[in-house]
Amino acid sequence: MRERQSRLAEMYRWMVLCRVLERACARANPRWFPAEGEEATIVGTFFGLRPDDVVAPHYRGPFVVYLMRGAELPRLVGQVLGKVNGYTKGRPTPFCGPVALNVVPWVAADLGTSLSVAAGAALGFSYQREAGIPNDGVVVVTFGDGTANRGDFHEAVNLAAVWKLPIVFVCQNNGYAISLPLPTYVVGPSIAARAAGYGIPGRVVDGNDALAVDDAVQAAVCRARAGDGPSLIEAQTYRLAGHWAEDAATYRPADELALWKRRDPLDRARQQLRAAGHDEASLASIEDQARRDVDRAFETVRELPDVGIAELGADEAFRRD
Amino acid sequence: MRRTFVEAIVAAIADEMRRDERVFMIGQDIGVFGGAMSGTKGLYEEFGPRRIREAPISESAMVGAAVGAAMFGQRPIVEVSFGEFLPLAMSQIVLQAANVHYMTAGAASVPLVVRTRLGDGPYHGHPQSFEAWFPHVPGLRVLMPSLPRDAGRLMRAAIRDPNPVLFLENMQAYHAVREEVPDEDDPLPIGTARVVREGRSVTVAATGWMVHRALAVADRLATEGVSVEVIDLRCLAPLDLATLVTSLRKTSRLVVAHEAWKTGGFGAEVSAAIAENALDALDAPIVRVGAPHLPVPSTKALRDLFLPNEEDLIVAIRRVLNY
Amino acid sequence: MRERQSRLAEMYRWMVLCRVLERACARANPRWFPAEGEEATIVGTFFGLRPDDVVAPHYRGPFVVYLMRGAELPRLVGQVLGKVNGYTKGRPTPFCGPVALNVVPWVAADLGTSLSVAAGAALGFSYQREAGIPNDGVVVVTFGDGTANRGDFHEAVNLAAVWKLPIVFVCQNNGYAISLPLPTYVVGPSIAARAAGYGIPGRVVDGNDALAVDDAVQAAVCRARAGDGPSLIEAQTYRLAGHWAEDAATYRPADELALWKRRDPLDRARQQLRAAGHDEASLASIEDQARRDVDRAFETVRELPDVGIAELGADEAFRRD
Amino acid sequence: MRRTFVEAIVAAIADEMRRDERVFMIGQDIGVFGGAMSGTKGLYEEFGPRRIREAPISESAMVGAAVGAAMFGQRPIVEVSFGEFLPLAMSQIVLQAANVHYMTAGAASVPLVVRTRLGDGPYHGHPQSFEAWFPHVPGLRVLMPSLPRDAGRLMRAAIRDPNPVLFLENMQAYHAVREEVPDEDDPLPIGTARVVREGRSVTVAATGWMVHRALAVADRLATEGVSVEVIDLRCLAPLDLATLVTSLRKTSRLVVAHEAWKTGGFGAEVSAAIAENALDALDAPIVRVGAPHLPVPSTKALRDLFLPNEEDLIVAIRRVLNY
């Protein structure tokens, strides 16, 4: 119990940072895809992993995950602003993560294909394990509810099931794919219900409850680490902002938005923490700290040079060695 | 009425849908949202959910389902939001849509339009230009207009054509170019290129946004007495070789330009067709202008360095002129 | 009950013809993909449809389905022998069916993609229905257990579910994909179990029992006709021959083969018919008739010219009109 | 030891697997069955199920998983049984595998081989030749040998290369061609074409089975005093332009030949590269030989009419000689 409270406190810090950072990115870049409202799902999913585990976060809100892996905030901010200090020299989309931190990079933006790439990282773990090389790394991958309808979802999950790969598939279900509401593309009872067809565990969790997400994912991670194969978890949350920063999202009902605003995952975590004895001052200081860190990063990074001809890398399509 | 590139396309689709009850659309966010980059604006309001059908993110099934519907009597238009996603529907386009008429010995055909967005543009996302793959494929028509009225007229032709048509819309031109486009326009015969500017010194055969760059370059070089003829290829398959050869008989010099990667790009086919059929017309090498052999970068600053620009065109033109 | 018996008698005729024809095709063409053992699934699935329904049979054993649609035997035989009288002028694979009989043609041989093409035919029906044009046609499509793992399966079934299309998906599960046994690529409880994830009915039937298949498919057809959307049925059967005619199939256990030989769907149907009062002579005459028809077709067609330059159709990649 | 084309490839894979524990294979029927057309014969017996991994029919996931495994330290070989299925893995090949090194600014790379079978052959199934699409794509190497020893040596090079390599195996050559292939052979540097027969009158640059046809034609025409130089391109990306130009400086005449469709085929790139860089070497148009613009027919009689043959080569050669 105490342990869970301290996990929540730690997750809360990341969730706050996620919110503040996402807002700043959205302000800086009208084409940013804001994760506001989905912080509990994102942080809860990727919390408590080991550095040798591989993570493949969904394109919405991945920065906090990279930070949890040890990425440097200014370098990520550099990616949003198109500056030379980014991890990726401005080449892929800004939401691409640093592969050196065992992150599956977003090298393209067609949704779904990276699911089997993530499964391939898990295959690497299995491949070593099967040879007797000690390796109990796991892969955690998130993807959208819209993405779950791509053929690649099916192929990747089935492959992972058949090969019993150490991977956890987590659907970051925010109820929308751009302007389309979930019932336009999913009519089954849930996305997690698809798990049964692959012979793997499937579970729906409240995606606005960081602890619930953490519990479910950690159970699946343990299972994967033990060599018992993949799981599919669906975290049900809500996209509080537009599809991208400038999208006013007029296509969705106002009362729906209002309902989900009342379920804000940060409010929820704060209540839980208050109940566990955290005082207002300490909670407020977390937000202040996040705001200061993010503001400072943006300020510093704005001064840096934009990417240019050196970063274009005219000769770098191939590795030469 | 003066219309932008995308407005001309949407107007053409609306008109064809009024004309032919069998025409309907499948895509994502094509309804209330009005389509990526306003690409279907107003259609949902007029035609409703039956004819403007939202689909799950399943590019392969969207095209496959359209092939099936087309084979059995309808005339669907599939909107693949961006050209970056064409690879996901590759088999449906290349091995299903394109094969049906031939493989059924003419017993069936597939009056299908697959429209998508290529090139750079205000959106700056999904900037792949994979058009070169498709003229290689028998049974497919491949259209790639650069001017609003052509775009509208070619969309009309695409919808009426009994064969599968890949309709490639340049994102840069989407809202940037505007011209007079009559309300009730005629379809443009598929398979014709267009001389958009006459000249005597050199022919620039271009597609998409490079047509606009070529026109700008023609203006710039005119002041030096270099007279550039600009051809908008418009139809990649079938290619209008006759218009090209006619032009070359006059200019004797050819530059081919597109935003896609130069190596293995559509420019290769244009160049090879000339090297095979009209070599005697040439007084200089055929120079191709295209993107360098690098994956397409995302950041605008890099994209601007990556994409071929007016300077690249001028270098190429000078090379063939000074040969 | 009497009605079911007469259905079985009729199906039995087709099953016998299927067996005889498949064997003849396999003898004539070493690359034929024999359907021996799967007759109950094939015939049971496509029995009792209307001419305006659309069918899309799996590549293994589709000829009997085309015959049930009214195709002419000699023209199909012509396809196997590469003769001018085939429906398709020798252009696609020989197992391609005549589209004029509302058959989805095999215009390519990559498995899975035709599932959404079949769904598209159903979309055509829906499209008319939604406009108030009376049309209660349905589509029935079969596919292999190996094919069920292609991304296109997922996309097609989900699309059909979301759009409530009048289509019945039937998995012709013969336990193998070429040399690979089912557990190599499916670890869920069944392929039908995947249905639940799409919110549609799923059902496993004994694929060697023509009546059981017929019952299950007809129930799903009624449902689809009534506008209640798609179903997924898995008919469990067995490929008694090799993957193709010349494949000795040494990769599979002898006892498994022996077991399934004892479950031969033709034996089963014969027993049921005997029990219902059919005498040996009438049963034998059905086989004789099939053999005579097939032999005659092969004899006649062998005399015909091979496809040649006229059938190549140098100018026929496009429709011109 | 004398080996067939496919035996040389399998021997090379086995050798590399012995050398490097990180190398493993993913595919269908590559185990006990021994692979399509014996394409993996004996590998399962030596390396077992861990390193010869059977996958569900999921071409996209096979390639995707291999990209992931490669990015994080392994060196997988994916076998896509036939080239007809490449479109199903198109996005994984073009947008994942090919992009990783560039997009990660060199922090990761994808030492991956995707092998598949192209062209006609004893099997007569899945006869698509889609090779032209891939040299267009930056970040991919594209190999297409025609002779056994080259095939083995290029497979070794492909496996050791730190980049994704598409390895295209000609089915016609599979069991039909045999030559001495040493047990421990060296990798062949990627990016070199090979003059397989020297000549003075005309250069035929060919790929796959057309190399063998060109050699036969060279024999036939030699009796008339026509001396044909035959170049096996072997590597489509990167293309060895230098070898081509050297040959053309001697012969001044070029025919480019492949089994794929002529329009938009790889021959266009070869022709365009010459028309751009060595036009002055030419005394005649560059004639391309390829399949006509029709979907690939299935029946052998039609396939034989459809595929370019020796007569087509001879017509093309005479055209450039008599120009």
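As written, the chain order gives the labels A, B, C and D, with residue 1 at the start of each chain.
FYI, contacts are C-beta pairs under 8 Å (C-beta built on N, C-alpha and C of every residue); 3 or more make two chains touch, one makes a residue touch a chain.
If you're wondering where the values come from, they're calculated on a predicted model, not measured in any experiment.
A.B. asks: Is the C-beta contact count larger for A-B or for B-C?
C.D. replies: Answer by contact count: B-C.
A.B. asks: Need the most distant chain from subunit C, centre defined as the mean of C-alpha atoms.
C.D. replies: Measuring from the centre of subunit C, the most distant chain centre belongs to A.
A.B. asks: Just how far, in Å, is the C-alpha centre of subunit B from the one of subunit A?
C.D. replies: Distance between chain centres: 36 Å.
A.B. asks: How many Å are there between the centre of subunit A and the centre of subunit D, using C-alpha atoms for each centre?
C.D. replies: 40
A.B. asks: Please work out the Cα centroid separation of subunit A and subunit C, and write it as a whole number of Å.
C.D. replies: Averaging C-alpha atoms per chain gives centres 44 Å apart.
A.B. asks: At least two other chains touched by the same residue of subunit B: list those residues.
C.D. replies: 55-56, 58, 60-61, 84-85, 87-88, 91, 95, 98-99, 102-103, 138-139, 292-295, in rising order.
A.B. asks: Hunt down the residues of subunit A that sit against at least two other chains at once, touch-wise.
C.D. replies: 91-92, 107-108, 110, 113, 149-152, 155, 158, 162, 184-186, 311, 313, 316-317
A.B. asks: Taking chains as nodes and touches as edges, what kind of graph is this: line, ring, star, complete or other?
C.D. replies: complete
A.B. asks: Write out the stretch or stretches of subunit B touching subunit A in their complex.
C.D. replies: Those residues of subunit B that touch subunit A are 28-29, 31-33, 54-61, 84-85, 87-88, 123-126, 292-295, 297-302, 305-306.
A.B. asks: Please name which positions on subunit C make contact with subunit A in the complex.
C.D. replies: Listed in rising order, the residues are 149-155, 158, 161-162, 184-189, 191, 193-200.
A.B. asks: Enumerate the contact residues on subunit D facing subunit B in the complex.
C.D. replies: Listed in rising order, the residues are 84-85, 87-88, 90-91, 94-95, 98-99, 102-103, 128, 130, 132-139, 237, 260-261, 263-269, 271-277, 279-280, 282, 284-288, 292-295.
A.B. asks: Sort out for me which residues of subunit C touch subunit B in the complex.
C.D. replies: Residues 54, 87-89, 91-92, 96, 98-100, 102, 104-108, 110, 113-124, 127, 130-131, 151-152, 155-156, 158-159, 162-163, 311, 313, 316-319, 321 of subunit C touch subunit B in their complex.
A.B. asks: Report the residues of subunit A in contact with subunit B in the complex, numbered from low to high.
C.D. replies: 31, 82, 90-94, 107-113, 146-147, 149-151, 177-180, 184-186, 251, 306-309, 311-314, 316-317
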